[in-house]
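Chain naming follows the written order as A, B, C and D, and within any one chain the residues start at number 1.
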Amino acid sequence: MTNSSKNSAVLLIHCPDKPGIVVAITEFIFKNDGNITYLDQHVDGERGVFFMRVEWSLDRFAIERGKIAEYFKTLVGTRYDMTFQLHFADEKPRMALFVSKMAHCFYDLLARYECGELDVEIPLVISNHPDLQAATERLGIEYHCIEVNNDNKAEQEARQKALLAEHSIDFIVLARYMQVLSDDFVKDYPQRIINIHHSFLPAFPGGRPYHSAYERGVKIIGATSHYVTAELDAGPIIEQDVVHVSHKDTVDDLVRIGRDLEKIVLARAVRHHVHHDLLVYENRTVVFD
Amino acid sequence: MTNSSKNSAVLLIHCPDKPGIVVAITEFIFKNDGNITYLDQHVDGERGVFFMRVEWSLDRFAIERGKIAEYFKTLVGTRYDMTFQLHFADEKPRMALFVSKMAHCFYDLLARYECGELDVEIPLVISNHPDLQAATERLGIEYHCIEVNNDNKAEQEARQKALLAEHSIDFIVLARYMQVLSDDFVKDYPQRIINIHHSFLPAFPGGRPYHSAYERGVKIIGATSHYVTAELDAGPIIEQDVVHVSHKDTVDDLVRIGRDLEKIVLARAVRHHVHHDLLVYENRTVVFD
Amino acid sequence: MTNSSKNSAVLLIHCPDKPGIVVAITEFIFKNDGNITYLDQHVDGERGVFFMRVEWSLDRFAIERGKIAEYFKTLVGTRYDMTFQLHFADEKPRMALFVSKMAHCFYDLLARYECGELDVEIPLVISNHPDLQAATERLGIEYHCIEVNNDNKAEQEARQKALLAEHSIDFIVLARYMQVLSDDFVKDYPQRIINIHHSFLPAFPGGRPYHSAYERGVKIIGATSHYVTAELDAGPIIEQDVVHVSHKDTVDDLVRIGRDLEKIVLARAVRHHVHHDLLVYENRTVVFD
Amino acid sequence: MTNSSKNSAVLLIHCPDKPGIVVAITEFIFKNDGNITYLDQHVDGERGVFFMRVEWSLDRFAIERGKIAEYFKTLVGTRYDMTFQLHFADEKPRMALFVSKMAHCFYDLLARYECGELDVEIPLVISNHPDLQAATERLGIEYHCIEVNNDNKAEQEARQKALLAEHSIDFIVLARYMQVLSDDFVKDYPQRIINIHHSFLPAFPGGRPYHSAYERGVKIIGATSHYVTAELDAGPIIEQDVVHVSHKDTVDDLVRIGRDLEKIVLARAVRHHVHHDLLVYENRTVVFD
């Protein structure tokens, strides 16, 4: 069963850790005839923070969708000083892809989309090059080529934002988009811009990480997906993976080998985001799986 | 903090899945002033089974240790038809090692023991060879050489059982012990005998798996730790790991490379068992981590 | 530099191991003004077999392309009883894809093809279902839907073979093609049919391996690419890889997680085949990398 | 067969890449009745450097051991401007262990030594703490406790060097030795001091890498073995490996999980060094395997 066919609600919660939180949350659901289908919690002992992801069926739930957030806040959330998000599994988020010329992540995500593997709508692809227009439009997706340089960044980002608003975009995936977004842009999409960086962060941030990895003579290369924040390549890490390499591998080999890694690490991050499997707290992610 | 210095209780539970289970369990702990420090649950949707591991501090818990099992059963367990185990984190299990001539797992576990890394007592090592007597006794552990063959198996296993009883052994680790235990022996220690098999089960069960792996030309070899059941190498799997190999690797290379894998996969299984992190249900394990 | 732009020759050799083989081969190249750019050899000590892959630039090579095989055979090969293949790096092999309804490997290979990542020509896709016709034809590739069942297998395979001949196909990739090819078909394409099997062979051969993996409770799942031989899922293994799973993963999760594994393991095998990086000897592969 | 029982020679060579090198080297061996049992070469195309490891049986070799280096240099090496090392497989290198209080790598290496897994002699352990004296001496190895601080570093290193000389030590392994060696000390043992660093270098060099990894929220931790050079944690990397972690893992968990990684990554590096499997060129290693 795909996510989007389920009539269920997901709560992502964090709050100061105190006794009784689990009882309060599960009672709220149980007493109102919700059937819990997923529950995972995590306590950060050092910081004294409680995290939870709980999902329950709405089939016989006594509180109507539009009222759940208000009721939960009043009856439970305020008492425990909770920060929470409420999602419904059958609401497909709307995703925009930002791409450039390196097309492997773009093709991989669109293939997953075409197969029905991703529970999203993709109405919009934005690029600073015209190259991928045909491959985008054959799936009925709008493609906008918006060239960005140091001189026109503000106005071009304004055009991008207008398109995002027009298409009611929920989150953005930078699929090897080679431009750095402005701080202002980033601030408008907190924890809603996912980037793939082609190194094992915090090793080799910035440009040309495969060249740096080659120079340093590492025996393993990696890829890192993370939420974009104001500081370059320093946002909360969602997923990482690595692959072994050897002295035989040239920079070109690292680039080639790395492509498969980037595709998978980015796709996993998109999946976690879409399924509401993750929380951010003080620049670290809690990923429920 | 090592496990054994914690004043806490652990419940491992499984039962038919029904609404309200989480509320019932967490209320039992919360209302009696226990502070939950770990909670993980899993629902097997296909079989309709609920699993939980919950750990809580006993520092202010209202029910005394000796009464917790009875109270829990009466107030919660019976109502939900639960099968449960109750453990206390500061009780060190007593472990016996069965070894033969292949010494790498033996040395690895004893080094972890000597470093204080394992929360167990090891009073007893049993072998069918005399080779490791000195390395055992220098740590103040009793060593018994009990040679087993087809003719004397029954009586030698009787001697082994007497030693296990005398030392109040809770569980047995077969650290590359090359003998097959009799069904009767196995039945006396359900889910209390951990074996390491030097293949990625179910590939290559039985003897000489590295030779078989070489013949088949696999590109990856593995190791599997599992609870011993009557059927050889078919018990519930606790941990598995693998390593890449190539056509360059001879059988001797596979044996050598595999040793490091076996050590780690066995040590992880022992840790899960000792920390009460796992449940067995219908020959599959639920491993909380 | 892509493979296909190189003016170089590749020899893949195996023969009984004897002193002097490396000298004889490298002298043949060096004395005729070839510049060796890659050389790797392997000696199977147990079977007494020598394997080599050597690649050299033809820019100043004294022997013309069409004569190299004859000269090498006469001057070196016969003397050492060699079995050898000669390839030229700038000759693109022609590949046919056999597909069914599971489309992830199909999309992945076509995306690599569209990006220019694969040094092949793909003139032909054959399927037993019509589903992927549009996605094939938009790349200018012929698509033939040939439904195969137990009654029409011989005649349908005859149609398939006619298409393969018509398109001068060098090798076939079964990208989750759900039909078993007849022995006769397989014999016509020795070491020229690559399959992806969705398990860590030899564990779980045949149908529904993810279901079997779930039932057995393994903690790791795998994928295996191999050349197809008469015996099902028993041909020489080219590549394998694995991923960790847990008790939380349902069969559907294993299917989903396995897809990424299958894509990569199949793509790696295709790359090795296309780059003439591998040799088969007694049902095992020697993979030079 | 262990390495040390083989009557064979190993040449490790690097030189400017030119046509004819492989012929020259293999002819030298073949014409003098050496039987090549291992040959691997690597060409760094960018830097124009040729690397080779070749091993051959001396059973019928025409040149006596003591003369091989001279003959090779005269007949081949000088002509091609080669830098080379000649080793004999039956000569066991003499290794010193430097340790501190973190004992897991120490125990692991000594267990491998006691099992006969390492082809070395270990006559000497040096520590800045007395803790591991008994565990060292029970294997008949000398233990010297030499406390080093900022004031006495020069004189204590002089004592260390005297012990190394006295025991004819060939190479040193820093098995979680918590002191930084002086530049002068390091210069005396070029490519002969192996360190294990508990991070995936170049991420998290210096102290407390597990704390830094936790703070950064990485999803994978690593370990790196490398030759020690004047610059801290910047020497040529020999081996790296990683393991996945999650938000659930505290710093203490990372320390615990990392121990197994450190043990294996260090042991692999020691094996490569002892088997003369590696070359250093411009701060990168070529590792033949």
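Assume a contact is a pair of C-beta atoms (placed from the backbone, for glycine too) under 8 Å apart; a residue touches a chain by one contact, two chains touch by 3 or more.
Keep in mind that what you see is a predicted model, and the values were worked out from it rather than measured.
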Tell me which chain's centre, taken as the mean of its C-alpha atoms, is farthest from chain C.
B
Any idea whether B-C or B-D has more C-beta pairs in contact?
B-C
Distance between the CA centroids of chain B and chain C (whole Å) is 42
Here the gap between chain B and chain D, centre to centre from mean Cα coordinates and rounded to Å, is 36
For chain D, write out the residues touching at least two other chains, lowest number first.
45, 248
Between the chains shown, work out who touches whom and classify the graph as line, ring, star, complete or other.
complete
Within their complex, chain A touches chain D through residues 42, 45-46, 200-204, 216-220, 222, 236-242, 246-248, 250, 283-287
In the complex, chain A residues that touch chain C:
1, 103-104, 107-108, 111, 114-115, 117, 135, 138, 248, 252, 256, 259-260, 264, 267, 289
If you look only at chain A, which of its residues touch chain B in the complex?
19-20, 22-23, 26-27, 30, 33, 35-41, 43, 45, 244
